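See structure below.
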């Protein structure tokens, strides 16, 4: 019974360790912005912690550069289970504008198992809150793959059935 | 003496060692000297003429001329011009005399040039690798034209980086790469005895993303402003603005005055954003979260305002070569004024509260002392320099955009400590509000984008500096074919400021280290945009304070 | 029924053991067994005598061993309750240190054991003798004998460059003190012509009327003498050098017995040899203040040490200060408040007993660490819990005991001391301030021992690769565990110990002086309900509180297990980069450096060491060279010769004793002759 | 000191509670916000101008056959600069105000594809007149077959989830 | 029943009040909405269910959190919380202070065992803070003891209630309040933990249930310290009839904790040397109070 209680408490208290893997600071600043009065993520029990040992969530901003890869792996290992990894910003989602640079490994998911993706450059604080709320099950996902097709005989587009994950 | 006079004086002094000099615009002096005379010329400029070293750059011109082009950039602040000293070295013998022994500020950039294009600075006091990652191959120089931009060498396990050992009796406290108050990865090895810092060592370049390579190999002139903007997420506009100005200078494009005013307004808005942000972070660093919350609450309407003007809260995407993409619509003027008035009122209250707050003063006053002479020799920039009594401000010294038509005050304090740097930023914010008000009032009507009919010719060069919230941002563009620059060199202010950190940390309490580092408002992503990490050598490079300072500076009181 | 003859038998046995161990010194292991068995048997006999004295009443030898008629001084062994308490401690320490020595001393491969075991046994013999004579002359004789034997033990490790100067400093300091006591004795003897304690009392009683200044002089000389031995600052300056220099087992023996004799001497002298007068009050306050100075300086300085044994030695100074504070308080209030005086003396004695348990234990712990790692520098070794769990656990017990953590013995005595300072403060407010210093320093002690534990025992293993990764041998573990058990036992059942100590205290005070035990400490067998003047003043019920604490622990455990968390081993988090542990290990001197800076100069470097500076007087003042060195060389030469021939060394010291005695006798004679 | 602290506290209390109710109440962005770039497939003529100017090279072109041109957009790289919308000659791309793009699927959700029927206008680079001459020169690097999902060929092993 | 009251107050009121401070004080000064009041409980329960990472030798590290937790509870059992403390007859103020010390020892041992440079720094700072703050508590309690002639905490509370306020007690109360901030680890004196300097100091290596125990112990510690201040130095309400004395005590505790929360939120963290200088001053104030008590004022 107590075990269930402890599990239930998990989404109500997400302690966040914020990681920059080579980002430009834009996302980092918006992540901090989410904690400030107008957005106040602490409403959802979210707070920033200083040691990965205390963290439940790893927020990854930025494209993963070669130099941070070992540190990032160690960091992931230092977070106790259960843990979430959220990639914030286009860079962390898919490498962003840097995806093919020589020193970039790619998005966060090339190194870590990422649970949630929040694209944007940088994502608005609301977008980050939306992603977090989605992780908490408060809101629905709003994106899906789009497949449009013009047909030679029928110029109006019809959506192709979307691929199911 | 003016740029022309200086050029002549150099020519006279060094005779045929000076191959040529030109002054395309009164604020730009290009010198070409032989490779054996680079050190005396640099010494003459730095020591005799009082010029400030900015950065150097290496360009692979083997395709065009069979040589590497090394360029040292200096600024003559009193006479308001920039100097580029070109030197060519043979491709068979990629070596150049190091100027670091005479110009300490050149330390990092010379090593960076070695890492990136493989031109070795001979006689460099600390010839270790600077930028590339630990497992990057030693003989692969990313900025050479024949190296593909997307080359990804295999990873190497177990590369043991070479690090500076702590002094006897001290232990190492690693600050970073992941440290809560460093928003970005950077690795300071702080040597402590008890709580006192007795030395420091820095390994950075975790955020090196290879911007310059992308700019020179994949992107076109008008794609680069967007990537330049993403050099730094806080002061991105500064970079795109500086880049565009450099290209405009190189191509001789006249930017419409309205676009200049818009750039000015955005730069100043960005400065306010950045300084409020910094104040909040500084408060957070010393555990004063209320400061963080309240300053960021003040800042938020400004972010909304920027979103309204530019379509995004940050990385506005406004700049293109030749002007700006979006106009500031007259109906927003009043909103801007309103937001500024609100910020000014609250900022003034904050300003009044700080001197009475003894606990806050206790943390800021007398900590993180950076003496004026160190700041000068290591080329500090921006509020860091101005907090140490160096009156340099690009907006006044080398006016750009619309600043020559606006009233700008240099905010200089000579306290040299964290408090001085704080006060500089507080003052500048107030000043920025005044500048924006004035700019809004004076803003002329007209187009916002220059008409560009011809392609940009290859082989032209342009220098441009912009005063970022953290100091002087410097861009140099050498135009090329295929609608992209042949070389685009960026210097961010933190690049210079960061070299000042280890000497400043010494003697402070460990508890003050975060706020000391924070007081520079370091932006590692700016600094590390183009440094590359050498993956194959199996070695990490670090620099000690002595190495950085070339052994000629010690704290007086020890 | 046993009597003091058994005590004499024990002494004889010890001397015999000394001779045998000298003879068989070449058989290093056998030598240890012999010493241990001798010590064990002697300890059992001493314990029997002491126990009887404590429970039944004073035990006296039937006939004096020796009588010097001219001085009217029979060598009569008497064990009263006070002596018994100290004898019991001595017996325990004797067994534990000899057992510990068996393996420990083998690390000194190149040193002859003829300079170790015989002297150790003789040292214990002299301690026992000092504790059981009631005659000033023999008291001083045995005192001197103890000094000499311990001196040789201090310089045992003579190759060590610190050893010689440390020994010299010890030798000179204690002999200056000896001279002081001798002078005082002479003055007393001139007054009454006898050196029995009772006679001394009469002499001083006379002097209080005729010449108060002389009384002050006598008291001052004795206090200096005892303070020097006990290590009370500023007279105990030799201690921080001498104790670490000796083999650790010997250091443990010193700190468990010799150091405590300073307290014994004070209590004995001021209660038995001194009439109740305002002198006692004055000197009580002086003693308490001296004690507090030692507490403060000793412990604060301990906090700055990086050498484990040196750290412990400074704590020995500090802890002795506690005893002096309590004893001084008790003496100061003797004329004012019998209840508080009894309480304070009892507290002082209890702390002495406790200290004689955990302090030697700490030395043994440090010795075990030294045995295993070969270094006393806490920067070079650490995290030994991983390889020496038993030692580490006993070290934790001892450290927490000395820091006064409830449930262990140190707490009870510190609690009593603190109670008595507060209650005594109602009479003499200065004691409240001394008490505040004491309790503050109690926290400093804790800090210091957390550093000791944190650096040496708990934490990550940090030793040089050649160190053997296992627990120390059983003969070294057993003594540590034994003493640790006593520490816990005395902590949990303080009231039982206190009953016996009460007997000792009330016996040395005038009969009917002390209030009844029950009126002081309540009637409960488990709880100390301290009540003075009727109202409850304080309470400590270890059993009840510890049961409650255990309950809380159980609750904590339940909560801990509640979520069913799994465990996983991970490397240390160092912000992402990899580091060598040796590089990021926090050095000992850095620990608490900010605090230590405030008190950096509190323990002045001793001018003694700086004497040899000016070249002109260098040779003259270089006592090392022209006094000590030749003497030491001669000594060494003799020792070598003797150990080579397997004989003679104890006798040599017997000779010293006889010469000393003769000297004293001559002096006294000449004085008796009306010089 | 106490006075200044009290003053600070009062200063801080003055603005009152400013927290927005988002995500329980919408908080739409400002008028010209550059959010999700929406493509009107009907208007698209497949000229590829968007792909040519995209700084992030997130838009890629692939000619499947003579008649069909496939335009793939990878939102995972998009930096929302709006250059594609600027240069689109048919205004087929609009920057919407949609910013709630979070996903738990990553790339799968981030892809959008548009197949354009090119019957009348194959190789249509000619139809497209870029905004400035600077954009005129065609670059390598926006062709699907050149970039693909470039950048994902990491030399490092990813961490496996427990 | 008093057992249940004391333990219950410490275990439940502690986190609850922390939640109230976070929402009503901290968030309000930050102009934001703040977390739910029961957020500390969410945090604790979540931590209890998380993985327990071990980075050093196990024995001490495993039990130190439990010992600290139990020690605070034991101290709570010795503290008067409106009623005679359940174990008041078995331990006096010295026992109380030593149990508080055991909790500190638990923290320090954790730091020392973790052996990371940050935790060692944190442990060192914790010790130094303890060294410099503990005397204030002791001197203040001794002042009360001198006033009432007994070291039992309930006697002090009762006697101060009967005798009414005096100069010495007021000075002592002020000194204790000045030290309270440090005793319960709030800004400007959260130096040992210093999240932004040494990342939680002694707790940097702890995760899951160990961290939960420490956090819970600290929440309880707030109540214990506030109760000492409220019961002994502000004895108003102690003599009321049964439900009312507890209510009065609760009211005092809540006011104290809220005040502490307010100070917490308008101060930056001081450096350890600055804190020590400050506390030398506070000790002096406390000694003045004791001086008054000794001369009977």
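Read from first to last, the chains carry the letters A, B, C, D and E; within each, the first residue is number 1.
Following the convention adopted for this analysis, a contact is a pair of C-beta atoms (placed from the backbone, for glycine too) under 8 Å apart; a residue touches a chain by one contact, two chains touch by 3 or more.
Predicted, not measured: the structure shown is a model, and the values here were computed from it.
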Exercise for review: Could you pull out the chain whose C-alpha mean position is farthest off from that of subunit B?
Suggested key: C
Study note, to complete from the structure: Larger contact count among C-E and B-E belongs to C-E
Point to revise | Identity of the most central chain, Cα criterion | key: E
Exercise for review: Quick one: point me to the chain whose Cα centre is farthest from that of subunit E.
Suggested key: D
Review point. If you average the CA atoms of subunit A and of subunit E, how many Å lie between those two points?
Key: 39
Exercise for review: Averaging only over C-alpha atoms, locate the centres of subunit B and subunit C and give their separation in whole Å.
Suggested key: 66
Practice item. Using mean C-alpha positions as chain centres, tell me how far subunit A is from subunit B in Å, no decimals. Key: 30
Review point. If you look at subunit D, which of its residues touch at least two other chains?
Key: 5, 8, 12, 15, 18-19, 29, 55-57, 79-81, 150-151, 154-156
Check your understanding: Counting only residues that touch at least 2 other chains, which ones in subunit A make the list?
Key -> 2-3, 6, 36-38, 40, 43, 49-53, 68-69, 71, 75, 77-78, 80-81, 96-98, 100-101, 104-105, 121, 124
Practice item. Indicate the residues of subunit B shared as contacts by at least two other chains. Key: 150, 152, 155, 171-174, 177-180, 185, 192, 195, 218, 226-227, 230, 290, 293-294, 297, 307, 312, 315, 359
Review point. Mind giving me all the chain pairs that touch?
Key: A-B, A-C, A-D, A-E, B-C, B-D, B-E, C-E, D-E
Practice item. Flag every residue of subunit B that touches subunit D in the complex, lowest number first. Key: 150, 152-155, 218-224, 226-227, 230, 290, 294, 297, 304, 307-308, 310-312, 315, 317, 320-322, 325-326, 349-350, 353, 356-359, 452-456, 482-483
Revision key, fill the gap. Interface with subunit C, subunit A side, in the complex: residues 2-3, 6, 51-53, 68, 70-72, 74-75, 77-78, 80-81
Exercise for review: Can you check the complex and tell me which residues of subunit A touch subunit E?
Suggested key: 2-3, 5-10, 12-13, 15, 36-38, 40, 42-45, 49-51, 53-54, 56, 78, 80-82
Revision key, fill the gap. Subunit C contacts subunit B in the complex at 574-577, 579, 583-587, 589-594, 596-597
Practice item. Over in the complex, which subunit B residues touch subunit E? Could you list them? Key: 171-174, 179-181, 192, 195, 283-291, 293-294, 297, 359-360, 362-363, 509-514
